[in-house]
Amino acid sequence: MTIRVAIAGARGKMGTEAVHTIMNNDGMELVSALDYKEVGTSLGLLEEFPNHYEVPIYTNFVELVRETKPDVLLDLTNPLCVYERTKQALLHNIRPVVGTTGFTEEQLEELQQMATEKQLGCIIAPNFAIGAILMMKFAKDAAKYFPDVEIIEMHHDQKLDAPSGTGIKTAQMISEVRKAKKQGHPDERETHTGARGANYDGMHIHSVRLPGLVAHQQVLFGSTGELLTIRHDSLNRGSFMSGVTFSIEEVMKTNTLIYGLENII
Amino acid sequence: MTIRVAIAGARGKMGTEAVHTIMNNDGMELVSALDYKEVGTSLGLLEEFPNHYEVPIYTNFVELVRETKPDVLLDLTNPLCVYERTKQALLHNIRPVVGTTGFTEEQLEELQQMATEKQLGCIIAPNFAIGAILMMKFAKDAAKYFPDVEIIEMHHDQKLDAPSGTGIKTAQMISEVRKAKKQGHPDERETHTGARGANYDGMHIHSVRLPGLVAHQQVLFGSTGELLTIRHDSLNRGSFMSGVTFSIEEVMKTNTLIYGLENII
Amino acid sequence: MTIRVAIAGARGKMGTEAVHTIMNNDGMELVSALDYKEVGTSLGLLEEFPNHYEVPIYTNFVELVRETKPDVLLDLTNPLCVYERTKQALLHNIRPVVGTTGFTEEQLEELQQMATEKQLGCIIAPNFAIGAILMMKFAKDAAKYFPDVEIIEMHHDQKLDAPSGTGIKTAQMISEVRKAKKQGHPDERETHTGARGANYDGMHIHSVRLPGLVAHQQVLFGSTGELLTIRHDSLNRGSFMSGVTFSIEEVMKTNTLIYGLENII
Amino acid sequence: MTIRVAIAGARGKMGTEAVHTIMNNDGMELVSALDYKEVGTSLGLLEEFPNHYEVPIYTNFVELVRETKPDVLLDLTNPLCVYERTKQALLHNIRPVVGTTGFTEEQLEELQQMATEKQLGCIIAPNFAIGAILMMKFAKDAAKYFPDVEIIEMHHDQKLDAPSGTGIKTAQMISEVRKAKKQGHPDERETHTGARGANYDGMHIHSVRLPGLVAHQQVLFGSTGELLTIRHDSLNRGSFMSGVTFSIEEVMKTNTLIYGLENII
């Protein structure tokens, strides 16, 4: 059965990619797009998309629902009105897949209740990058057996912060399960300050910055006579699309709210 | 509580390493060794070990049990008498950790029954390399989301078979969960035969052989805009020791038979 | 001293990148563009470029030279008229930097003679990717000391041929200096055909194809107890720009024809 | 023609490996060994070596020369008497290959003079690891074209100093040719101190320490759209043997003193 998808935020960076992804997926049909302002009657008339993308655009959600009967609303807009729209979708028996972080605890609780009452799936995913989520998950698993870990994250040289958010999040997840341990030789010393990287709970994080790099991370585990390495390379925004596709498929199979893809991967 | 360990096969390659590992582990005590022939009264008198390894050697198992009261029997001998000795251990309320593959289905079933009846843990592990087991497990998990996989295994140039056993086993495990798929461009062609590697169920396996290499494998998953890589490097026999330690600890916490560490990792 | 550059082929894929590169280089000035047809009077008026790129466009080369006095002509057009234009540039005392392969032996010889007579640099570079050229050069150097080599090249899964052109060229360059040797164990056997990759003069080449990959190659050298690896990752067309910049700088310092950047790197 | 080699220091760690290497090399013959004390009449009688290594041991150098007529003296002893012995070797028309650093400037000058007068090759190599030397050489070459560099060196967790000597030496060699440059974003900041590693002349060095690692280093060069990586893995002392073999062959072809293999590689 083909899944009927409506999209909100089609003209954004993520949205544009998502439109192409759904149009090329045999198991899905892009039945309509929601925009907050009048931009034209069909995606194919916008310069972002080829002419044959004949997907009607609506500014009124109720109208969109009545005329195009979507199963899923993929919402890739900014956090501003996302809560109201998600509620509205559930009310109309449409399963939301939302890619944003702008919900309060209370809002999440209310959406959880609504989803459960109506027996509808609802996925809210602050991070669609399945590859990155798997890397963190595997790293956490491995740390149970290998307490000696170092993280090397590598990004383009226009990045301001070091370590990266993913680097820190990985270290956090590892430290939840890892036996507390100060790594390295007790008497080790840096002849050049900073050589051993940042210390996070006894683990070391190293941040490499070079032009040509995009977003990469490897987590290294060492033990007598062996090494285990988990590496993720993200080369462009396309890396989020496997998570978008996966979420649209999964939201059809569940009947409750899921916050974070790590809980169903 | 310190775990009291007896060892069978202390003079073999794996055994020698295991003796050192247990002697250096604060949570364990090596209380005795079992040998099939008279080689001396104490490990410390053998040339393989330093003098202060004062661990008595027995040729009679019942005597060993009576005099040294082990909690666990670590058996690293060859498969010949291992079944009888494992049964005997269970009868004497000792938990076996066995590192061999020489059991028939019937024998495993009988041992399973005995372990359950006596409420004793018993671990039989054809492969103690936790790092390699994790690599295969993670690869199988990732293949659910990323059906495009290639395996590169790399070994020293004295290896006879290609691909390696681990390479094939990884491909088998992946193909249990992976959507069937012929990878690569449908019209791709090899201008030099073999360039695309071995074909296993649509996946490709590449075997690199060079002096200087020991035993390495990486599993690469690709998707739009991203790569996920899981790599294991085994540099020497020491890589089995984390699995030995882990098994001795786990066998104390369980009260049934476990065949293969992948089932408790 | 700022180098005055004119460009031919500004609207092509390489050309567009090159325009940005030169506009952002403090040591260079883009003084004019040559086009084969009327497309507008200035690059800034074309949709490919921002408005402030006020670079006049000419269809007549002599006029371009007279009015904008370039030091260098960067020619990124297709091979069709490139020979005549290169000759013309030298006649007008302009140093050509040409990124194409469409010259006959005779044409190259004649250009060589002209360049030497006029004491003008002239660089013809079929490949501007300095990183890839260095990889091949280093691989050739290393092969003198390490005769055991394997090449792993990795590309996106839409590539038709395996191995890649760079993979084969690397093997050719290595085999010029490497002691002839059939690698691997003499009795090694493939239980799955193709596992050991393609055989090139005793070396093995492995071709990995996955979505998410772009163009990557590693050359591995093994010897007792050690490995030396040279790896190049090309992520987008920008990887040619370091070679373009380098060539424009070098052509000002030389007074003869150079065919192939490998001869001056 | 087979090269006749005498060895000093056969019982040391490096020496033992070297004995095996020369015994297994078809182009060389190990004709004698020099020891500072009486340890036996033949290497084959020592416990370090198999019985069929029938290589006579001498304590008197002049006697060794007269009776076994070596072409080359491979000296792997400590620095104590190495200067006198090297001089003596040259006086007896034997070409020295010395693996130590214990020479003063004056001593080197005198040996240089002797070697040139007698037209004899003499190689003094503080570092026999050809792979590591090539890595540093290639890194220096690449830095001319790619000023953005980061070094990641990885060692076992018993190492005291960070960064490693090789890491610092590589940075030194690079900074001789690299355009001075402070890498990374001008406003980059460390939220966890040390994340960006040690700063060496604007380059960053990262030191990873894990059990299971031996001695590894990668040098990463980044530029728009591309990366060039040079990596060396040293897994055991055997990695010095290619340099020993190479030096013995080269010392026969030269007629002057060479200090450091980097000068002939």
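To keep things simple, chains are lettered A, B, C and D as they appear, and every chain counts its residues starting from 1.
Here is the rule we use: a residue touches a chain if its C-beta (ideal position, glycine included) is under 8 Å from a C-beta of that chain, and two chains touch if they have at least 3 such contacts.
Just so you know, these numbers come straight off a predicted model, no measurement behind them.
Participant: When every step has to jump to a touching chain, what is the lowest number of steps that links subunit A to subunit C?
Facilitator: 1
Participant: Keeping to the contact definition above, tell me which chains border both subunit C and subunit D.
Facilitator: Under the touch definition, subunit C and subunit D have A, B as mutual neighbours.
Participant: By CA centroid distance, what chain is farthest from subunit B?
Facilitator: C
Participant: Go ahead and note the Å separation of the Cα centroids belonging to subunit A and subunit B.
Facilitator: 36
Participant: Approximately how many whole Å separate the CA-defined centres of subunit A and subunit D?
Facilitator: So the centre of subunit A lies 49 Å away from the centre of subunit D.
Participant: Two or more other chains in contact with one residue: find those residues in subunit B.
Facilitator: In subunit B, the residues touching two or more other chains are 212, 221, 223-227, 233, 235, 239.
Participant: Residue numbers of subunit B touching subunit D in their complex, please.
Facilitator: Within the complex, subunit B touches subunit D at residues 212, 214, 233, 235, 239.
Participant: If we count contacts the way the header does, which residues on subunit C are in touch with subunit D in the complex?
Facilitator: The contact residues of subunit C facing subunit D are 129-132, 134-135, 138, 141-142, 145-146, 221, 223-242, 246, 265.
Participant: Any idea which subunit B residues touch subunit C in the complex?
Facilitator: Subunit B reaches subunit C through residues 148-150, 152, 154, 157-163, 168, 183-185, 187-200, 204-213, 220-227.
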